[in-house]
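Across the two complexes that follow, subunit A remains constant while its partner is subunit B and subsequently subunit C.
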Partner chain A sequence: MTNIIFTEDEWTKALQGISDSYKVFAPVKDGDFHTFKPMNATKAPDFDFQNTRLSAKALIYPQSERMFEYSVDERASDASIVRETPKDYSPKAIVGIRPCDAHGFSIVRPNFDNQEYRDPWWVQSFESTVLVGLGCNQPCSTCFCASVGGGPFNKDVLDVLIYDLGANFMVTGLTEKGETFLTKVKGGKAADDESIKQAEALATEAAKMSKADVPTDKLRDKVINDLFAAPFWQDVGFACLNCGTCTYLCPTCWCFDIQDEVLGKQGDRIRNWDSCMFPLFTLHGSGHNPRDQKFQRVRQRFMHKLKYYVDKYQDGVQCSGCGRCVRYCPVNIDIRQVAELMNNY
Partner chain B sequence: MIKYTAIIRETAKRLLKDGTIDVFIGYKKGTVPMMNEPVVISDPDKTDLLYWDDFCGQNLCNYLTKRKERIGIVANGCNSRNIVTHITENQISREQLYIVGIPCAGVIDHRAVLRAVGNKEVLDVQDAGDKFTVSGNGFSEIFEKTKFLRGNCAACAHRNPVIYDEMVADFIKEQEGVEAFEDIKKIEAMDSEKKSGFFTKMIERCLRCYACRNSCPLCYCPTCFVDESRPQWVGKSIDPIDTMTFHIMRAYHCAGRCTDCGACERVCPVGIPMRQFTKKLNKDALEYFSWEAGLNPDARPPLDVYKPDDYNGFVK
Partner chain C sequence: MENPYLPYPVRIDKITTETSDRNLKTFRFVFLNPEDDKKFAYTPGQFAELSVPGKGEIPIGIASSPTEKGFVAFTVNKVGVVTNYMHNMKEGDIMGIRGPLGNWYPWEEMEGKNIVIVGGGFAFTTLRSSIVYMIQPENRSRFKDISVVYGARNPGLLLYRDELAEWEKRDDINMHITVDGTDDPDWKYNVGFVPAITEQKITSADNSIAIVCGPPIMIKFTQPVLEKLGFPPERIILSLEMRMKCGIGICGRCNIGDKYVCKDGPVFSLAKLKQMPGEY
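This part shows the complex of A and B:
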C-alpha cells in the first residue's frame, strides 16, 4: 500500500501531469457549488467542498448517451442499418469522489452487470475508471453513509483514497488499479508514520460523527404488499412536485429511457436518464399508466430503493446515504423519515 | 414572520372544527434549515404541525389544482395572486376556498444565505425579528432579513394578499418606487447575438429535471408539451437546443400569467435564474396591456380575450 504526501499545489500539478495516461475528472468550483469537470491547465481543481452538487454518476453513465446510429436515407446502401456509436473507453480517473458516491457505483452495478444482463457501456465505462476518493473529514448533517453500509473513509469501492491532512494530502493506493495510477503520478514524498497516524485519526473521528441512525434493518422482513398498501404514502407524497431533482442528483438512481432522434437523414438511438417522478415513466403504449398519480410515483421511488432492491439483491438498500435528496428536495421530502416509516411499519 | 405560526394553527383548527373546510393547506417545519414542507391537514388535532417562517418559498397554489374539497389555505401576496389566476383559469372555484391571508415582508433566499457563509453547511437558523442568526460548524452570523430577500421579494409590489377571507395580521405597507426590471432592461439592450449567448450560457447547466416547471403553479397541463410523444415536440436528451426550446416555451406559456412568485428559481438544483425569461414577459404584459397577473378574479387575462375595439391594430 503506497502512501504519498503532496501539498495541494503538488497534487494539482501531479494530476495535470498524467493527462497522457488518464483523462482526469476533478471537482471545480462552478458558481455556488462544485462539479466534476475534465482537468485542464486553466482551472485548478478545488478539493475544499462537502460534496459535489451532482454525483459523479454521469461520468460513468451519461445523462444522454448515444448508443447506436443509422441512416434513414433510403438510397444509401446502409439505410436503416443500426451501428454502435463509437465510444471512448480509454482510462480515466475520477479524483475527489466521496466514498458515498463511489459506493453508489457498487450499488448500481448489479443492475448493469449480472448473470442475465451485461450492459456493455456501463461496464466498460466503469472498468476503465480509477476511483480516487476523498475521505470525508466532516460528514454533513444530512448524510448517513454509515447507516447504509458505507462510511466517511470507506475504501470498499475506491482504488485510491485521499486524506486531507490540512496542510497536505496523503494519497493511499488501495487496489492494483490504484497502485498503477499512483506509479504515473509524479512528485510527492513517501508518507511518514506521523502522517499515517494523523490520517487514521481523521478517519476514526469522522466515523464517530457519521450518522448511523437511519433504520433499514427490518425492511427485508416486511411483506412487499403490506408496505405497498401502507397508509402513509399519500402524506409522504403530498408535497412532492414530481420533479427530477432527487433522482437526477442521486448516485444510485439508474432508470433510463431510450429515444430515437433523427436530424436530416442521420438517426441516433439515445438513452437518457429517466425518473420515476415523471409522468412518462412506465406510461404504456396503450395509454395506461400503472403509476398515474403522484403518490404512486413517490411510492415507487422509495419502494424501489428501500424494498424491491433489498429483496432482489439481498445486499442492503439502494441508497449510499449521500444526502443530496435530503438537501436539495425543493419541498423537503426526507428519505430518512420515509425509511423510518417503512422500517417501523 | 414566525409569530404567524400560532395564529395559523388556531385558525386552521377552528375552520376544520366548525366545518368551514375539509382540509387545510400550509407548511410544516422542515427537517433541514431554511426548508419547509407543504402539508395538507384534515384532522383538527394535527394543526400544530403547521408552521410559518421566512423560508416558506414553495407556492402553495400548486396544491389546489382540481381539488374537490373545501380548502383552507395560507396565502401571502404572490400566492394569493396565483389563487386568483387559478380561479380565472377554472382550476379551482372561489367558493371552495377559505383563504387565510398573510402580509409578507418577503421570503429569505436560502442560496444568498449559503453564499454569505461561504457555502458552508448551515446547521441552524433562528428568527430574531428583523434579523436572523445562521450557524454551523465554527461560525455563527447575524444577518438582516431585508438584505437577504429573494430577488422577486425585494422588488415585490404586492406583499399583501389580493384576495382573502381573513388575515393573520394587519396589512403591511407596500413597497413603492421599486424598479423591478433593471436586469431585464440590460438584456433588452443587447443585440440578438449577445442575447442568444447570454441565454445559452444561463441555461447551460440545466439538467431537464423540470423542477422549475413543476414548482410553478401555472404549469398544470395534463400533459406538458415536453412530455408529448405523439407528436414529439422537443428532444428528450440534454441537447442545448432542446433545453433552450423547453425554457423559452415554458416562459411563453407563462406570459401574462406569471406573478413572479420565484418558485422556479428557488427550486432549481443548479441555480439557473430562469426568472430572466418570465420577467421580460411580465414587463411586456405591463407595458403593452397595463397588466399584472392575478390582481382581479373578474378581469380576463390579456392573452385570452378578443375585443373587436382593441386599441392594438394587429389583432384585427
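This part shows the complex of A and C:
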C-alpha cells in the first residue's frame, strides 16, 4: 500500500502531468457548486467542498448515450442495419469522488453486470475508470452513509483514497489499479508515520461524527405486499411534484429510456436517464397505466430502493446515503423518514 | 464484448392482414444472417423486441412456433409510432429483432396434463405458438386433452381464421371459438363472452393446467370461473404485458414488485402473481 504526501499545488501539478495516461476528471468550483470537469491547464481542481452537486454517476453512465447508429437512406446498401457506435474506453480517473458516490457504483453494479447480461457500455466504462476517492472529514447533516453500509472513509470500490490532512494530502493506493495509477503520478514524498497516524485519526473522528441512525435493519424481513399496502404512501407522496430531481441526482438510480433519433439520413439509437416519477414511464400503448397516480410513483421509488432491491439482491438498500435527494427535494420529502416508516411498519 | 441490445437484422418475408378492421397484421421475418436464426432459439410464450431503425423498439410475443423452421412471426396491433410505421412497411423491407426474451409457458409442468387454453382478442399470439407446437406429431403425445376457448368481439376480429378452421376439423384438439356478438346468420360457432363459454365447455380441472391470455377484463372474469372449476392458482398461468425498453431486466421500467416482467416474466402463475403487488 503506497502512501504519498502532496501539497495541494503538487497534487494539482501531478494530476495535470498524467494526461498522457489518463483522462482526469476532478471537482471544479462552478458558481456556488462544485462539478466534475475534465482537467485542463487553465482551471485548477478545488478539493475544498462538501460534495459535488451532481454525483459522478454520469461519468460512468452518461445522462444521454449513443448506443447504435444506422443509415435510413433507402439507396444505401446498409440501410437499416444497426451498428454499435464507436466508443473511447481509454483509461480515465475520477479524482475527488466522495466514498458515498463511489459506493453508489457498487450498488448499481449487479444491475448492469450480472451472470445473465452484461451492459457493455456501463461495464467497459466502469472497468476503464480509476476511482480516486476523497474521504469526508466533516460529514454533513443530511448525509447518512454510515446507515447504509458506507462511511466517510469507506474504501468500497475505490482504487485510491485521499486524506485531506489540512496542509497536505495523503494519497493511498488501495487496489492494483490504484497502485498503477500512483506509479504514473509524479512528485510528492513517501508518507511518514506521523501523517499516517494523522490520517487514521481523521477517519476515526469522522466515523464518530456520522451516526448510523437511519433504521433499515428490519426491511428484509417485511413482506413486499404488506409494505406496498401500508397506509402511509398517500401521506408520503402528498407534496411530491413528480419533478424527478431525486432520481436525476441519485447516484444509485439507473433507469433509462431508449429512443431513436434521425437527422437527415443518419440515425442514432440513444439511451437517456429516465425517472419512475414520470407518468409516461409506465404508460402502455393501450392507454392503460399501472402507475397513473402520483402516490404510486412515489411508492415505487422508495419501495425499489428500500425493499425490492433488498429482496432481489439479498443485500443492503439501494441508497448510498449521499443525502442529495434530501437536500434538493423542493417539498422536503426525506428518504430517512420514509426508511423509518417502512422499517418500523 | 457481446451486446445484448444489438438487434439481428431481418427481412420482412410476408405480411398478412389478420382482421377485418385491418389493425392487426402478421409479419413473417427471415434472418439476414443464417447463423442468427440458430441463435434465436425460442420456446412458446417468449417475446422479442421488434426494432425499426429510426422509429424504435417494441416488445411483442412470438406468434410462430419453434417447430416452424426458417422464419419467425409476430402479430402486431397498430397502436403507436413503431407499429403504425410497421403497418406501412412492405415485404422485403429490412428491420431488426432482438431476443428471444423472457420466460415461457411451463412446458415441463404441462407434460402429461390436460391443457386448457383461454384466449381473447389479439392476445392469442403466443397461444397460437403454443397450439402449433403441441399439435406437432412429435409433441402431441406429451400432452393429454387440449381444449381451446378463443373469443373476439366479432368474427372479423379473430386472428388466424384459416388455422382455427383447420383445428376445428381435428379430433385431437377441442376448439371452442366464440364471439361477443355477430349479425352473420351463417356463424357456426359460439356466441358469448369468453368466461361464460369457458364455464360451459370446460368441465373439469382434474390433472389440468390453464393458460390464460387476453385483455384485463377477460382475465378478471375468467379467473373466478377457473377457480370454481377447481384450478388451484399454481395451475392458472397468465402472460402479462408491460411497457418495456431493454427487455433484459436492466432499464428498470417493467417491474412489479421485485420482479421484472421482461426477465422474470412475462409468464407468471396466478399463485406467483398473488404474492406480487397488484400494480400491472
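Following the convention adopted for this analysis, the second predicted complex is superposed on the first by the 345 of 345 C-alpha atoms of A that agree within 3 Å, B and C clash if a C-alpha of one lies under 4 Å from a C-alpha of the other, contacts with A are read in each partner's own complex, and residues count from 1 in each chain.
Methods note: a residue touches a chain if its C-beta (ideal position, glycine included) is under 8 Å from a C-beta of that chain, and two chains touch if they have at least 3 such contacts.
The structure presented is a predicted model; accordingly, all values stated were derived computationally and were not measured.
Superposition model on subunit A: subunit B and subunit C are shown accommodated side by side without a clash.
In the superposed model, A:V331 lies in contact with subunit B only, and not with subunit C. With both structures placed on the common chain, the touch criterion links A:S64 to subunit B but leaves subunit C unconnected.
After overlaying the two complexes on the shared chain, residue contacts for A:C140 are found with subunit B alone; subunit C is out of touch.
When the shared chain is aligned, subunit C comes close enough to touch A:D311, but subunit B does not. With both structures placed on the common chain, the touch criterion links A:D257 to subunit B and to subunit C.
In the superposed model, A:G31 makes contact with subunit B only, not with subunit C.
In the superposition on chain A, A:S77 makes contact with neither subunit B nor subunit C.
Using the contact criterion defined above for the overlaid structures, shared-chain residue A:S90 touches neither subunit B nor subunit C, since it reaches no partner. Rounded to the nearest 10, the angle made at the CA centre of subunit A by the CA centres of subunit B and subunit C in the overlaid structures is 90 degrees. Of the two partner chains, neither subunit B nor subunit C is touched by A:N344.
When the two complexes are laid on top of each other via chain A, the two nearest Cα atoms from subunit B and subunit C are 6 angstrom apart.
Residues 257, 259 of subunit A are contacted both by subunit B in one complex and by subunit C in the other. If you check the complex, the residues on subunit C that touch subunit A are 1-7, 9, 51-58, 77, 79-80, 83, 93-96, 216, 241-243, 245-246, 248-253, 255-258, 263, 275-277, 279-280.
Of all residues in subunit A, only 67-68, 70, 72, 79-82, 84, 111-112, 116-120, 123-124, 224-225, 228, 254-260, 262, 267, 269, 271, 274, 276, 281-286, 288, 290-291, 296, 300, 303-304, 307-309, 311-312 touch subunit C in the complex they form. Of all the residues in subunit B, the ones that touch subunit A in their complex are 30-32, 35-40, 58, 62-63, 111, 114-115, 119, 121, 123, 137, 205, 207-211, 213-215, 223-224, 227, 229, 235-239, 266-267, 269-271. Within the complex formed with subunit B, the subunit A residues making contact are 30-33, 50, 53-54, 63-64, 138, 140-142, 238-239, 241-245, 248-249, 257, 259, 261, 270, 272, 275, 278-280, 326-334, 336-337.
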